[in-house]
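Chain IDs A, B, C and D follow the sequence of writing; residue 1 opens each chain.
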Amino acid sequence: MAGSSFGRLFRITTWGESHGPALGVVIDGCPPGIPLAPEDIQRDLERRRPGKRLTSPRGEPDRVEILSGVFQGVTTGTPISLVIFNRDVRSGDYTELAEVYRPGHGDRTYEQKYGVRDWRGGGRSSGRETAARVAAGAVARKFLAGRGVEVKAYTVAFAGLHVDSFNRDEIDRNPFFCPDATAAAAMERRVEELRDAGDSCGGVVEVSARGCPAGLGEPVFDKLDARLAGALMSVGAVKGVEIGAGFAAAAMLGSENNDPLTPDGYASNNAGGVLAGISTGMDIVARAAVKPIPSISKPQQTVNTRGEPVTLSIKGRHDVSAIPRIVPVCEAMVLLVLADFMLHPAPVEKR
Amino acid sequence: MAGSSFGRLFRITTWGESHGPALGVVIDGCPPGIPLAPEDIQRDLERRRPGKRLTSPRGEPDRVEILSGVFQGVTTGTPISLVIFNRDVRSGDYTELAEVYRPGHGDRTYEQKYGVRDWRGGGRSSGRETAARVAAGAVARKFLAGRGVEVKAYTVAFAGLHVDSFNRDEIDRNPFFCPDATAAAAMERRVEELRDAGDSCGGVVEVSARGCPAGLGEPVFDKLDARLAGALMSVGAVKGVEIGAGFAAAAMLGSENNDPLTPDGYASNNAGGVLAGISTGMDIVARAAVKPIPSISKPQQTVNTRGEPVTLSIKGRHDVSAIPRIVPVCEAMVLLVLADFMLHPAPVEKR
Amino acid sequence: MAGSSFGRLFRITTWGESHGPALGVVIDGCPPGIPLAPEDIQRDLERRRPGKRLTSPRGEPDRVEILSGVFQGVTTGTPISLVIFNRDVRSGDYTELAEVYRPGHGDRTYEQKYGVRDWRGGGRSSGRETAARVAAGAVARKFLAGRGVEVKAYTVAFAGLHVDSFNRDEIDRNPFFCPDATAAAAMERRVEELRDAGDSCGGVVEVSARGCPAGLGEPVFDKLDARLAGALMSVGAVKGVEIGAGFAAAAMLGSENNDPLTPDGYASNNAGGVLAGISTGMDIVARAAVKPIPSISKPQQTVNTRGEPVTLSIKGRHDVSAIPRIVPVCEAMVLLVLADFMLHPAPVEKR
Amino acid sequence: MAGSSFGRLFRITTWGESHGPALGVVIDGCPPGIPLAPEDIQRDLERRRPGKRLTSPRGEPDRVEILSGVFQGVTTGTPISLVIFNRDVRSGDYTELAEVYRPGHGDRTYEQKYGVRDWRGGGRSSGRETAARVAAGAVARKFLAGRGVEVKAYTVAFAGLHVDSFNRDEIDRNPFFCPDATAAAAMERRVEELRDAGDSCGGVVEVSARGCPAGLGEPVFDKLDARLAGALMSVGAVKGVEIGAGFAAAAMLGSENNDPLTPDGYASNNAGGVLAGISTGMDIVARAAVKPIPSISKPQQTVNTRGEPVTLSIKGRHDVSAIPRIVPVCEAMVLLVLADFMLHPAPVEKR
C-alpha cells in the first residue's frame, strides 16, 4: 500500500533507494509566491550530509536540483519536484550482504513483505532516504519563516550522556548539535571509544518550535501531538517519542503536572505546547529516542537467506550513531507537520 | 479541518460530545461475513465504563446500538454505524466552568481554535469520546480474531509504582488491569491517598499484540510503529509513546540492542516486533505514558474567559487517574491500527 | 475498501440501509459558528421525500435529528452527526426478491463483491441512501450562504421531453423541479402513460451555482470539474455528466467554443464556469444524465440466485422516475463539492 | 491544496511544467515482482508524442528514465520515480503571451488562484502534463496485464464526424486511433480544412476494458463509475463523461435500458459494465467529450493582464485537435483507476 506520502495540505511524497540512480521528493500544496532557490535547500542538506569526521566517509555531494514548481525564483503553487542524484555509489561494498540479514535492519522484514529487496546499502530502508525529508523540510522552513515560526532540533542525550545546560548558540558550533559544550566534548570522547570497540550508540533528540499560534491540531485523531508522534516515529532509528514532560508526567501528580494559567499566560510548559491536541501558543517541545545504529563491526549472530546461522562483522562506511545526522531529519519532520497545520485557515465564521 | 477519522482501509469516524444527546462511530471498510452482535461490543465498553469504585460515579449505562452494516447477524461490508445515547447527563455540574479555563484541559485551546466551545464536561475533548473508539476496537477485534491476532493492554506503572512481575491471567482480576497482583494492591492504596489529597496521578500502559504476521507496515511514513505512535498519542491523556526497548534503547549499545537472528527466529525483542517500520512476526509491544488527570479538587491558579485570575477547585464526578479507563482505549487503538494493515493484501506478484 | 466518505476538508461519511433501523451522516470539518437547527435540514429533506403523487407511496416522515456538533444553536467545529430513523419499514414487500436479481439494480454485483447482501429494498444500494447526502448538503448550503454562494438544481429533460424556456421561479412550483411550466405539464402526462404501461423513464438534471469566486479547484487531479463529475456520477442512477457545453463542445469549432474575454468579463459561458479545472467566477453549470428506474412492473427476464431463468414483474411502491427525487440529491452533491473547495484558504503569500 | 495525486492504493503523484527542466511521476503502491523496463513505458509515450503530422511540430523525444523502485529489472514495491527531461524547450515562443490571457485556457484562472503563473506554454496547465499520466498508465498496464485486464481507447467522433463501424485492429493503423478506416479518412480531410481555416475541433474518445472481474468499485462515493468520471474529467480538454448508454439512457424507457440477465450472463450492456457502482464482469465502457483546442490562429477577442481588450491570433506549434494525443491519456486514466481497484483484496471472510 502506498506509504511514501506525508501531510494533507502541505503534502510530500518521497522516493529513492540508497544506491539507485537518485532520490527525491515531490512537494504538493506549497503556497505560491515564496522565493525559493536551490541554496535554500542545500544549506539544510549540508547539515545532515556524510563526510564529516563523526559520520560515514561516503563523500556524497548531495546536490539538490529543483525540477518544477518554481518560476522566476518564486514558487508557483504547483508541485515542487526536488531530486538528488546519487554519485558516490559503490554497491560492491554490499554484495556480500545480498544473502545475509543484518540484525536490527529491515533486510528480513522487507524480504518478507515484498518477496524481493534491493540489498544495496539498505535500499529504501537506508537512512539515505531522509535526505529527501530534509530537502522538503527546507521548503517548509521557508514557508513557516514567513509566518514567524522557527523550529530547532538538538541532541539532549548521547550514549547515556545527558546535557546539563542549554545554550541555543552552541547548537551549531559542535558536530553533535548539542546545546551544552561540555557534554559535546564528552560525547566526542565517547565516539572514539565506541569506534575502537566496533560498537555503536543512540541518544535523544529534542525539537522545539517557537512562534506557533494557538489553535493548530485537529481533534480527535489528527491532534498536533499525534501527528508529531507519527512523524518522528517514522524516522528510521526512532523508537520513542514524547511531548513536553512526556514519560516523566506518568509519575507526576496532577498538581505538579498541570500548567497554571495566569493573566500573562501559562506559568510552565509541561504540556509541551499542546493541550487536548491543539497548540497553546507556548513553545512546542518534542523528544525522540534514537536507537544505536545496528551496523557494527563487532561480531553478531544472524542467519542468511537460506536460514543458516552466520557470524557477521559489518565492514564498510558506517556511522557510530544516527546522531548527529538524524537531528536535521527530526527538525524536518516537525517543520513538515507545522507547515501542514499552518496551511489550514482559521475556519471561524464571523457572527 | 476534518480530523475525526482514523485508518485507511479499516476506517473509523467518531463523533459526539460528553454531554450531547449521543456519541458514536461509523466503521467503513470492515469486511463482510463477520458475525457481529451488540454484545460483542458491549463487553469491551463495560471494561472502560465508569461506575466502578476507582472511577467517577457517573452511572452511564453505555448501551451500544448497531444502526447499519449488519444483516441477519453478519457484517455486510457496508458502513457499520454504532451509537451510544447519553442518558446520565447532568450539565448543571459544569455551568460554573462555562467561564473558566481548567488547567491541563483543552478549554482554552478549543476556544482559541474554534471561537466557541461546548463547556459541558469538556465537550468533544472529554475522555468520554473514547467510548466510540472502544466500540470500534471491539469490531476490529472480531475481525482480527478470525486472523489469529490477539491484542492485550495492561498497566505497567501507576503513580510511580511499577510492576515487578507479569501474569497475563491477573490482568482482568484487578481494577487496574495490572499483571502484578502485589503492585495492584499498592496501587489501590495509592488511589485512596490521592483521593484524600484531592490530587490525581498518571501511569504507563503497555499493549502487546500476538499472532501478527511479518510484513505489516508501509515504508516510509506509514510504518507500523509510526502509525502506532500516532494512534496512541491521539488518546487524550497520552504524552509519550515507545516501541520495544523505546527510550531505554537510546542509552544502549548496538551490540546490546540488536536482536540476534537464529535459525529459530529472533533471540530477543528489543525491536518490539517492528524493524524498518515492518512487523517481524514477534509480539508487537508499545507503551504509552499517561499524564495525571488535570481535574483535581486541590486549588489551582487559572484565569476566566475575561482573562482575570481565578483560584479553582474542581468538584463533581472525576476519576483519580485516567488509568484504568484508558487501558481498553489504548488496546482499541492498537486493534484499529492492526485491522487497517491486516486488510491489505500481500501484494507480491507470482513470478 | 472504505468508500462512504466524500470531501477532504468539508468531509462527510454516510451510512445506512434502506430497511435498517436508521441512516445518517457525519459531517467533519464544518466551520464553527454557523447557526444550525433541524429545520434547516428538514426543509431540504422534504424536497426529496416520497409521499408526493409522483413518487412512491412509502410514507416515510424522514425526521432528522442532530446528535452532535451543535451547541446552543451554533456549530462548534466538531463532527456533526445527523440521523434519520426508518419508521415505515415493510421488508416483507421484498422477501420474494431475496432470491432473485433485479435487472438494472446492484443485487448481483453486491452479492459478487461481498458474498452477502441485504436484499431488503436494495439495502445500501437503495436510493434511500441519498437522504443522508441531502441532509449533509443542507449543512453545506448554510455554510455557503454565508459566503454568497447559491446552488440550484432543476430538470431540463424527462422521458425525452426537453425544456424550452427557463424561469427560475417556476422550479419550485411544479413537482418536477422544472423551470418550464409547459414542459412540466407535458411531463405530468408522460408519467401517467408510463405508470399505466408499467414502465419507467429517466431524464437530465442541470445544476448551476452562482456567486462562486474564481480560483476554486486543484490541478491536476482534483480539478473542480473532475470533482463535480465524480460527485454527480456517484449518485445511483446517473450515467453521464457534462460541464458547460459538455458533449456538444465535442462537435464545435474552437472559434465557436472559446468564451471571449472582454474588459467586463467572459462574453459567454461554454466553459460552464471552469477553465483548466479552476473556477472562472462565472456560473458553474453541470448536467447529469439519469437513467430510467430499473424497477418496473412490466415483465423482465432475469435469473435467481441459483442461476435459473425467471420472469420478473416488480410490484410494490416504486417511482416512475428517479426524477424529481434525484434533483435535490444532485444539488446536494454540488453543494458538498463547493463547500469543500471554499474551505481552503487562498494560499497566496504576500510579497 | 495538494491536488496532483491520484488513486488510493495504486497512487500516483505527477509534477512538472510544459517548459520547465523536466516532468515526471511517482508511483507509490505498485506491487513488487513486476518486470519493468524503460521500453515498457516508452512504447506508450510514443503513442501520445508530438512530431507526427497531425500534431504540433515540437520534436520532443520524451525519453523516460526510471530513477527508483526497480531493482534487477523487477519492481520492488517501493515508489517508482519516472522522469522525462524537457529538451526542446523554446519558451521564447511564448514571451508575447506573458501579458495576455488566451481564451479557453487556464491563463487567467491560474493567475487568479495563485497570484503568479508560469506563462511558458501553459506551464502546469499544459497538455504536456499528461505525459506523466501516460507513463504511470504504462506501469498500471503491466500490472493489469498480469491479471488479465486489457484497456483500449479509440476515437468515436471527431469534428462532428462519427464512426459507423468498429474494427479493433484498425485502431492502431491510422493516426486518429479510429476503429473505422473510412471515418479516419474523412477525419484526415477535416484536419486539413481546419488547419487552413486556422481553427480547431474536438471529438469523443471511448475507452473499453476487457477482463475485469465483477466486484470492483466501492459504494457509495468511490463507485467504479464515479472514479472513472472523475479520472476522465481531470484530463484537460474533457467536458463530459458517460458510462455505457450514458446520456442516451436519459431518453430510454426502463424496459429498454435494463440489461436482461440470463443463465449465460447479461444479454446487453447498457450499463457499461457497472451496476450500483460495482463492476458486473462485462466490458467497462466509458466515453469522454473532448472540446476543441483553444489555441487557434483565427483572431479572437481577449484581454491582457491590465484588463485592456486585445485581438489575439495564436501562432506557434499547436495541434488542430487534442485528438489523437488525448486518446492514450484517456486510456491511461482508466488503467490507473482499474489498477487501484484491482489492488484491493476481495475482503470476504470465510464462514
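The criterion applied here is as follows: a residue touches a chain if its C-beta (ideal position, glycine included) is under 8 Å from a C-beta of that chain, and two chains touch if they have at least 3 such contacts.
To keep track of the chains, here are their UniProt names: A, B, C, D = Chorismate synthase.
All figures in this text were calculated on a predicted structure; none of them were measured in a lab.
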Just send me the rotation angle from a CA overlay of chain A (Chorismate synthase) on chain D (Chorismate synthase), rounded to the nearest 5 degrees.
180
Quick check: more C-beta contact pairs in B-C or A-B?
A-B
If we define chain centres by averaging CA atoms, which chain lands farthest from chain A (Chorismate synthase)? Would you check?
C
How many angstrom between the C-alpha centroids of chain C (Chorismate synthase) and chain B (Chorismate synthase)?
38
Separation of mean Cα positions, chain D (Chorismate synthase) and chain B (Chorismate synthase) [Å, integer]
46
Distance in whole angstrom between the CA centres of chain A (Chorismate synthase) and chain B (Chorismate synthase) is 26
Sites on chain C (Chorismate synthase) at which at least two other chains make contact
1-5, 8-9, 14, 32-33, 74, 77-78, 113-116, 124, 219, 343-344, 347-348
In the complex, chain A (Chorismate synthase) touches chain B (Chorismate synthase) at residues 1-6, 8-9, 14, 101, 103-106, 108-110, 112-116, 124-125, 129, 157, 159-160, 194, 199-204, 214-215, 217-223, 225-234, 236, 239-247, 249-263, 267, 271-272, 275-281, 289-296, 298, 300-303, 307-309, 344, 346-348
Which chain A (Chorismate synthase) residues qualify as touching chain D (Chorismate synthase) in the complex?
1-5, 7-11, 13-17, 20-24, 26, 28-29, 32-33, 65-69, 71, 74, 76-81, 83, 113-118, 120, 123-124, 343
Touching residues (chain side chain D (Chorismate synthase), partner chain B (Chorismate synthase)) in the complex
8-9, 31-34, 74, 77-78, 143, 146, 219, 343-345, 347-351
